[in-house]
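What follows is a pair of complexes built around chain A, which joins chain B in one and chain C in the other.
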Partner chain A sequence: MPTINEIVSEEIRAQARKLLEEGTVAAVIGYAAGTLPMTVRPLVVRSPEDCSKLIWNTFCVLNLANYLPATLKSVEPPRGPRDPKPEGPLPKVAICATGCWSRNIVVQTQEHQVDRDRVVVMGVGSRGMVSRRKVEAIFSGKEILKVEEGDHELIVQGADFSETINRWSVVRDNCQTCTHPDPVLVDVRIGEPVSERKPPNPFIQVEKIEQKTVDARWAWFTEEFSTCIRCYACRNACPLCYCPTCFVDDAKPQWVGKSLDAVDTGLFHVLRAYHCAGRCTDCGTCETVCPMGINMRMLTKKLNKDVLNLYGIEAGMQPDAPLPLTTYAMDDPQKFMANEVAPVPSMAPATLGHRGPVPGSVKEGK
Partner chain B sequence: MTEQSTNWEPKIIAFLCNWCSYAGADLAGVSRFQYPSNIRIVRVPCSGRVSENMILSALKSGADGILVSGCHPGDCHYISGNYFARRRFALLSNLLDFIGVEPGRVNFSWVSASEGEQFAEVVQGVTEKVKALGSASRLVKKIDALETELQVA
Partner chain C sequence: MKVLKVTPAELDAMMQQWSKAHRVYAPALVKQPAASPNCAPGWRRVDGSGALTLSTGPTPASVKTFFFPQPETLLTYTLENNHPDKGLMREPEKSKEMQVVVGVRPCDARSVLLNNLPYQEDPFFQANRRRTALVGFTCDQSLSTCFCTQMGGSPLGSEGLDLAFSRTQDGFIVEVGSAKGEALVTGLDLAPADESEITALAARRQKEVKASSTELDTLKGRELGKLYDAPLWQPLGESCINCGACTFICPTCYCFDIQDEVVRGQGRRIRYWDSCMFPLYSLHTSGHNPRGQKVQRTRNRFLHKLKYFPDRFGPFSCVGCGRCVQDCPVNIDIREVMNDLLAVE
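For the complex of A and B:
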């Protein structure tokens, strides 16, 4: 009997072939098998014959939304930077997306990086992706040559061993606390929808750190990020990081030094996480691609928690609402202010400097 | 950032918005309200102009404390700059607290152009807080240490 993921793979191949043959899309973004056990490669398929290369398994950890803007650009007819947009609709691109990646596509649409009309989302309900690092940790010192996948177990094989382990026990941390495994955008449904998950506390990993004292938190921070080698894999794998010039590459002013100094690496991670505030969907790709195994996801998860608690927004869940940091409310919490006093006076005194409108006259949000 | 001597005085970088807090500081001066001389004022067009880069780079360069001050909500010269800033500062101050930067290093306040006395009070309060914390060591890049290392190597 085929496993769930084998059925999904077959459906992805069939749908991709159909979309390409019909000419609905010019390219399909999915995965091909990797060369090592437990790896996959992102793949852009442009012809129906190549659709047989597409696969889906429990190791699909790279966020495909990261490749969407560039793929959309690549299928457009070539033109210079100042040439006008060609007339008529531009070619479309299909992309396999789980819950978090589809939310990334929503954010990309909100930020005008992606034209929603040109994207065909092949929605796959996520069952949680397995962390290669966790599996390797179980078999530390042994070389894993092959991993076969059942619905709820993994059969890990090496030269002289073959063991069956529980799949959920090695699922990535972010998938274990995921609340929205099913895509929010679905144009073509692949497989069965997955219901919303209700983990007892999605922020439990963050709260463990929050409960520490200030000094212990600082110790955690310096320890956690001390091994960073500044390869920027976390930045490059992130679908939110598309600035033409990243703040780390700015030379004048140089916000963050380029050295391996602990302060420079720390600042890089703080700023990188902060730039994802209100946009991060906790897809866990940054953590997965880190060659040093740094849990930088804790910073973005902390920001996700604050954005949810303070402003009631989860990135990518409301396609029509503005992003949390591009809007405001008159009564946003401001407990952090040094001189937080009584509520805002109802009438601003008419003195020098009070040139703003009277509170209450400003329209909320944009 | 050497050892703390008895007459150590903190350096506090204050990002003040041109329309309210900077004018407030001016009023405090004109009205002869005394406040500690530990602050170094950077005049910015609006509190919304103050980015996380500026705050962290001041810390990195050895500021012992940061004060960001803008118009009261509703009073922004640019109508809504301080509302946007408020959201960003709330997240930044929580994130800095999360990674273990002492609460009180980075401060935010609203001071209007007519609040000279309040400005003096805010500066007084922030200076006392930072003095109690001592000189900053977290997120401060120690260039001296780097130079010694280079000389040794």
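For the complex of A and C:
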């Protein structure tokens, strides 16, 4: 009997082929098989014949929404930077999307990076993706040569071993605490819908850090980010990071130093996380792609928690709602404002006179 | 060349001996801070008291960090007005202490020789080279991602190693490859290796040479224009996220940028690792970027390793360690790229 993901793969191939043959879309963003066990490669398919390369499995850990703006651009007729937009509708792109990736497409639409009318979302309910690192840690010191996937177990094989492990035990941390595994946008449904999940506490990993003392938190932060090599895989794999020039690449002015100084590295990670506040869907790609295994997702997850508590908003869940941090409402929490009953510094004329005229102020007469 | 016989206990004693006079490093098998005054990222300082543990295949981090530190201070200066050094740039006091790197694999040892080609006249690289001795261990086992034999190396190679350890039934035979290696064994009471073991190693090497593939060498004679315009780059560039992971973990990626950093009036001119995957790498002052597209940057990395570098220096700029194959977030596999390039008409 085929596994759930084998059925999903077959449906993705069939639907992608149909969409391309009908001419509904000019490209389909999906996954191709990787060259190593537990790896996959994002792939943009442009012809029905290539659809046989598309696959779906439990290792699809990269957020495909990251590829959407560039792919949409690539299917537009070529034009110069000053040429007007061609008349009539532009070609569409289909994309496989799980819960979090579809929420990222919502954010991209809200931020005008993506034209929703040009996107065909092939919605796949996520059953949680497996962390290759977690599997490798179980078989530490042994090379894994093949991993076969069942619906609830993985058969991990090496040169001299073959072991079956429980799939959920090696699912990524972000997927284990995920509440919205089913896509919020679905134009073409792939497989069966997945129901909302109710993990006892979606922020349990963050709260473990929050409960530490200030010193212990600082120790956690210093240690966690000490191995960063500044390759920026976390940034480049993230669909939220689309600035033409990132603040770390800016040379005039230069905001962040270029060496591996802990202050510079820390600044990069903290600023990156803050840029994602109110926009991050906890897809876990940043953490997954890090070659050093840094848990930078804890920073964005903490901000997700704050945005939920302050504004009651989870990124990408309400396509028609404005973004929480680019809008203002009269009842927004504003604990940062000065207390009205606090004494206001006196502005007595004598004090002003003592200071003399403000430099640069206009003097009347001579 | 001198060939010695060493037991595991003698190896521990040797490391203890070296650590008295030099800084001795071994591969770290757990996370190490990327920047720390006392250790190189991916390596830890050892004193020979614990047994040396090596994983199969390449060490977690390459030896590049010892020759091409991230960052390296080239000059220092002060911005203080009353300082006698005001307006002067000084070379920083460089450590002359020998560093002995133990546990190097043949692939990484070759990488130092390859990087030495463009860095022949680089005083900083050369100074680091002079003070670094590589003590390597040939590979009895390879990983499925290892492809050193395709790149002109060998799992049993001793090229570039000052001391090359190869496993025997009851210990190691050690080939002394240089004067630095000679100095490391001087004063130690070590027996010469048995003739039979030397012959056995030579026979194993001979077998390895026969099994290795030289098919890739035909790339060197191919016309660049055709490789450059090959259709393989478009899908590859599309999948690539243009992070610098592959270039930073690569032992043979050696590009850098230079910057001045000033903290509280004290300045230093540093050179730090750069990556051709970053748009800033090729951005001109005019604002023009000759490699403004992702696909151009992806293509550059592979063609540099497999075409531009060999055209200029001879060998490929890749040792086949397979680190990039293992760690690329989007599974871009240089072995596949090489096969695709070979198939270009």
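Keep this in mind: the second predicted complex is superposed on the first by the 335 of 366 C-alpha atoms of A that agree within 3 Å, B and C clash if a C-alpha of one lies under 4 Å from a C-alpha of the other, contacts with A are read in each partner's own complex, and residues count from 1 in each chain.
Quick note on the criterion: a contact is a pair of C-beta atoms (placed from the backbone, for glycine too) under 8 Å apart; a residue touches a chain by one contact, two chains touch by 3 or more.
Remember, it's a predicted structure, so these values are computed and weren't measured experimentally.
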{"item": "Superposition-derived comparison: chain B or chain C, residues of chain A touched", "value": "B"}
{"item": "Which superposed partner A:332 touches (first chain B, second chain C, both, neither)", "value": "first"}
{"item": "Which superposed partner A:216 touches (first chain B, second chain C, both, neither)", "value": "first"}
{"item": "Chain B versus chain C as contact partner of A:62, first or second or both or neither", "value": "second"}
{"item": "Partner chain(s) touched by A:139 [first = chain B, second = chain C, both, neither]", "value": "neither"}
{"item": "Which superposed partner A:203 touches (first chain B, second chain C, both, neither)", "value": "neither"}
{"item": "Chain B versus chain C as contact partner of A:261, first or second or both or neither", "value": "both"}
{"item": "Partner chain in contact with A:237 - chain B first, chain C second, else both or neither", "value": "second"}
{"item": "Chain B versus chain C as contact partner of A:324, first or second or both or neither", "value": "first"}
{"item": "Chain B and chain C contact sites that coincide on chain A, given as residue numbers", "value": "257, 259, 261"}
{"item": "Residues on chain C engaged by chain A in the complex (per definition of touch)", "value": "31-36, 41, 55-57, 70-71, 143-145, 235, 238-239, 241-245, 247-249, 257, 259, 261, 270, 272, 275, 278-280, 294, 325-327, 329-333, 335-336"}
{"item": "Chain B-touching residues of chain A, taken from the complex the two chains share", "value": "206, 209-210, 214-221, 247, 253, 255-257, 259, 261, 263-264, 266-267, 270-271, 273-274, 277-278, 299, 302-303, 306-307, 310-311, 324-326, 328-330, 332-334, 336-339, 344-345, 348-349, 351-360, 362"}
{"item": "Chain C-facing residues of chain A, complex", "value": "34-36, 39-44, 62, 66-67, 70-71, 74, 141, 143, 145, 226-233, 235-237, 249, 251, 257-262, 265, 288-289, 291-293"}
{"item": "For the chain B and chain A complex, residues of the former touching the latter", "value": "19-20, 23-24, 52-53, 56-57, 60, 67, 71-77, 79-80, 83-84, 86-103, 107-114, 118, 121-122, 125-126, 138-142, 146"}
